[in-house]
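For reference, the structures are reproduced in the following blocks.
Heads up, the next two complexes both have subunit A, just with different partners, subunit B and then subunit C.
Here is the complex of A and B:
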């Protein structure tokens, strides 16, 4: 109760602080005694405020949800303490005003999230995921550390403000090095390919409120890093920066959604969907950078607005999706879609919530993700590519990537919702599910309300986005972005759309159709109830239903070359005859091909190297003392 | 648009149908001239199935008289049942009949369906179709010809 309340309170403070930073003056705070030599500097600008507000909003929903969840799941005291701490660390990251503060907050966030991932450390899968996450996040941190140290050394100071003032004088080599290193570090946090491997491992194994925080808020910090360091401090960059971001974004989006559409673990599916959405956001950032570097500021402003909107809407629907998945997990103990089903009857509230989230994630009209994706596509389609081969080549390709992503995303979400929640239960645990308690429903309700706002009334976000955009001159901030009124109007392009009116038209059409149907049915005889048609057989069983695996099978077949599934069909015959089949066993294993191709050799090489290094550690104290003495000697000689 | 002109010049080329037979069963309410049927093989030797498929083929074309075979009893106005009712098909036949919305017709095609034919009193046989469910129209023959089947269908469709 206290932990959840504290988390929600921190979230509210975050939202208030973030909004005041977006609309008001830059907040500045220096605490010199907290860290030796440099002190801690907080400097909350518009961009930071945007992310603080987004993180805060996610934390409110998660905090309220966690009250009920922790009771139902009997959380230990340690994760309860860590939850508000994790939120606080996440709120500090975008508020950091100097390299040291940023790194400190980043590490706090990484550490807290790692501890939370390991909450159920009794299970082997959790420990393995924890190790994976720890290694990847620390490698990412190392990349960021090196990049920011190089940046502050070349930029003449520790504070971001000083670096920004000196950024113009940086050599191209330094800028390139910092860009590539930060892209690696922040990309691994955001779950971009090929550094996404921790996401589908850590998110399913973490407790669901933590998954929601990590997937909806923490991965955003990777995007924040890219925006803040690369685009705001170092920008405007050369053309290839934008191109690189676009390529990473497009590949991550398509790969993420492909894996999501064949995943059968509900939370793993959502984790891959996070990779997909971060990919789309990075693609939008890249498009904004590229367009802006060619002087197309108006379209760049559109792409940037799309990126900001996608960040917000992703935070909303992914929070909701993970929280709903959490209440399914708490009610049934299952994440495997092939064993779920029939929850719409038993958990109607959670089903509606997950439905809203799935609609948002599929990017269809009246879903939270629609407006952002529509803006992104419009900006890609309307990019001015006369006499510019690069733009003429990249933009149509990106449109294709976004279209493929959206299409597969719909398949993935239809699978998650249809197989997981509709039809009949496929296991006893799913049949015995009961609805989540009120506080969990309230937490989900807040996230659902946010989804509804993004879907129907993006007009409410107009002022926020335009303020943030002005702080980003290098990526379209010079021109006014698209007007998010009742009608979404795009400046300079004859394009407009009104999500509110679409919703109103749909409601009117549904009421009209229902009314007409009732009027037409007034003379019909009373409907008779008969058993379900089972092709003449006596009854249907839940084994006759589509499973998640069978639903994804056509996709798996089409994308066989990318997914590389290992399928195994084993037919056992009766001893009497080869023509009679006793049993058919079908086994399919879908491992992440990037992980297998890229990570396995690296891990093997590291292992061999570690074995070699181990020879120097025979366990003799005398030898270790010699090492120490030698080290000291070398240091003394160098520092003479 | 010469093809439209050609269609107009040629007009309809159809062999004239025989005179419509007397109605034997009242067609289900509201389906005059358009009878959707679900076929159930209760234990037939498939002779009747061949003739039924002949009746619905392009040569005899039962569909021009408004009868049509559909895949689901939920879409159907009636059943075509063939063969003796075997033990294994007894319950499925009842289930299928229950799945057809009322009012409905049942058309028994072939001698086996009417009185058991060559298989009557076999060890796996429950009886004829009429022993199990009420039958409205009977088409005798072993097997009946497509013409006979169509004539029987026309007594229901009224065309």
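Here is the complex of A and C:
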């Protein structure tokens, strides 16, 4: 109760602070005594405020939800303490005003999240996920550390403000090195390919409120890093920066959604969907960078607004989706879609919540993600193309990638909702599900309300987005972004859209359709409920239903080359006759191909190397003393 | 320019034109379906049920008992209304009879595509909701095709919006009407073919899906709606007819924008627009039905190849419209 309340209170403070930073002046705070030599510097500008507010909003919903969840799941004291600490660390990251402070907050966030991932450490899968996450997050941290140290050495100071003042004088080599290293470090936090592998492992194994925080708020910090360091401090970048971001974004989006559409673990599906959405956001960032490097600032402003909007809407629907998945997990103990089903009758509230989240994630009209994707597509199709072969090739391909992502995203979300919540229960646990308690529903309700705002009334976000945009001159901030009124209007382009009006018109149209179906109702016999059609046979068992695996089988076949599923069909014949089949076993294993092809060799090489190094550790104290003496000698020689 | 027209700028005649569009789609859709069946029947040497047969079917089904399969939820009950509702809304948005529908600035072509998919998703969820093998099978197949169709549709939208510098339909149609030379450009022709393939796939016509089959190996849309009966089945069939009609109308007016009344129409212009769109849709439907006689249904796993082909055409269309675009300001 206390932990959840504290988390929610921190979240509220974050929202208030973030909004005041967006609309007010930049806030400075220096605490000299906290760290020797440099002190801790906080410097909350518009961009930082935006991320602080988004993180805070997620924390409010998660905090309220966690009150009921911790009770129902009997959380130990330790994760209860860590939850508010994790939120506090996440709020500090965008507020950091110097390299040291940033790295400190970043490590605090990574450490707190790791501890939370390990809260159910009794299970083997959790421990394995924890190790995976720890290694990848520390590798990412190392990349960021090197990049920021190089940056502060070349930029003449520790504070971001100093670096920004000197950014113009940086050599191209330094800028390239910092860009590539930060892209790697922040990209791994955001779950971009090929450093995404921790996401589908750690997010499913963490407790659901933590998954929600990680997937909706923590991955955003990777995006924040790219925006703050690469686009704001170092920008404007050359053409290839934008192109690189677009390529990484597009590949991550398509790969993530493809894995999501064949995943059968509900939380794993959502984790891959996070990779997908971070990919789309990075694609939008890349488009904004590329367009403004060609001087198309107006369209770049559209792409950047799309990126900001996608960050917000993703935070809203992903929070809701993970919280709803958490309710399902708490009620049934199941994450496997192949064993779920029929929850709509047992848990109507959670079903509605997950439905709202899934609609948002699929990017359809009336869903939270629609406006952001629409803006992204508009910025891609309206890029100026006269005499520019690069733009003329990248933009159509990007539209294709975004469209494929949307299409497969719809399939993934239909699968998650349709197989998991509709139909008939596929296991006894699913049949005995119990609705979530009030506080969990309240937490989800807040996130659902946010989804509704993004879906039909993006007008409320207009001022926030335009203020943040002005702080980003290198990616379109020089021009006014699209006007988000009742009608969304694009600057300089005859194009408009009104999500609220569509929603209202659709309601009218559905009522009209229901009216059409009333025609002849007077002549009808009384309505009845009848058994399902069983093709004339006796009865249908729930095993005859399509499962998530069978639902995604066509997609898996179509994208066979990318997914590389391992399929075993074992046919056992009767000993007497080769023509009669005794038993058929069919097994299909879907592993992440990138992980298998890229990570396995690296891990193997590291293991071999470690084995080799281990020979130097035979356990003899004398030898260790020699190492120490030799090391000291070398240091002295170098430092002479 | 059309984007600046708000709701207030419309005369009652534009509202009349929009209402007439919706009404024409509601009344006309079953006739279009009947006409297509009749063309097929005659070409196959059968007598056929006549153009009015779908209307007679609707009349019959709407008087039947409303039956709900056990264990289904509101998703099953409301999906037909959502499909029909999205089709009606699209009919109100598109410039079928007149440009400048009051809803035109509220939804561009991306919005229309989104609404179309919303209808598809509603039916696939209903198929899953029944909890039968047929429902799941149909839904799985339908959503796979929908996912693969999406890239082509959006790229075709892209290609179409290049000349008019807008994805709003009135702007696209009036840009084509003002500058008919665009129509014979490679970009436009490729976009036409891509969009035609997509419409065939989305409305479940041959060679993607056979609307008259009930064989479990092949059916897609019919498997999904197998549990529907009586009034709800009537609504589903009505809606799928309306989707077909609306999309054929869209195809007709995107590539043959003549006869469409302007943004501020007179009564005569509305009448001309009405006759023009009726003729265009009827001719397109007739051609589609005649074409279907000569082709067989594709194997399900060959469909992605067809869609990949159409995606390539759409990509070429966009690049062509980029490289061959004459900067008209």
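Convention: the second predicted complex is superposed on the first by the 616 of 640 C-alpha atoms of A that agree within 3 Å, B and C clash if a C-alpha of one lies under 4 Å from a C-alpha of the other, contacts with A are read in each partner's own complex, and residues count from 1 in each chain.
Definition applied: a residue touches a chain if its C-beta (ideal position, glycine included) is under 8 Å from a C-beta of that chain, and two chains touch if they have at least 3 such contacts.
All values reported here derive from a predicted model rather than from experimental measurement.
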Partner chain(s) touched by A:599 [first = subunit B, second = subunit C, both, neither]: neither
Between subunit B and subunit C, more extensive residue contact with subunit A: C
First, second, both or neither for A:533, with subunit B first and subunit C second: both
Which superposed partner A:411 touches (first subunit B, second subunit C, both, neither): second
Touching partner for A:240 - first (subunit B), second (subunit C), both, neither: neither
First (subunit B), second (subunit C), both or neither touched by A:517: second
Set intersection of subunit A contacts, subunit C complex versus subunit B complex: 528, 530-531, 533
Subunit A residues within the subunit B interface of the complex: 528, 530-531, 533-534, 536-538
For the subunit C and subunit A complex, residues of the former touching the latter: 1-3, 6, 26, 59, 62-71, 73, 75, 78, 80-82, 84-86, 88-89, 92, 103, 105-108, 110-111, 114-115, 117-118, 121, 124-125, 127-133, 135-137, 139-141, 143-144, 146-155, 157-158, 161-162, 164-168, 171, 226-227, 230-232, 234-235, 238-239, 300-301, 304, 311, 315, 318-319, 322-323, 325, 327
Subunit C-touching residues of subunit A, taken from the complex the two chains share: 261, 341-342, 344-345, 362-366, 370, 374, 377-378, 380-382, 385-386, 392-393, 396-397, 399-400, 402-404, 406-408, 410-411, 414-415, 417-419, 422-424, 487, 489-490, 493-498, 501-502, 505-506, 509-514, 516-517, 519-521, 523-533, 540, 542, 544-546, 550-555, 557-558
List of subunit B residues in touch with subunit A within their complex: 40, 72-74, 91-93, 95-96, 98-99, 102
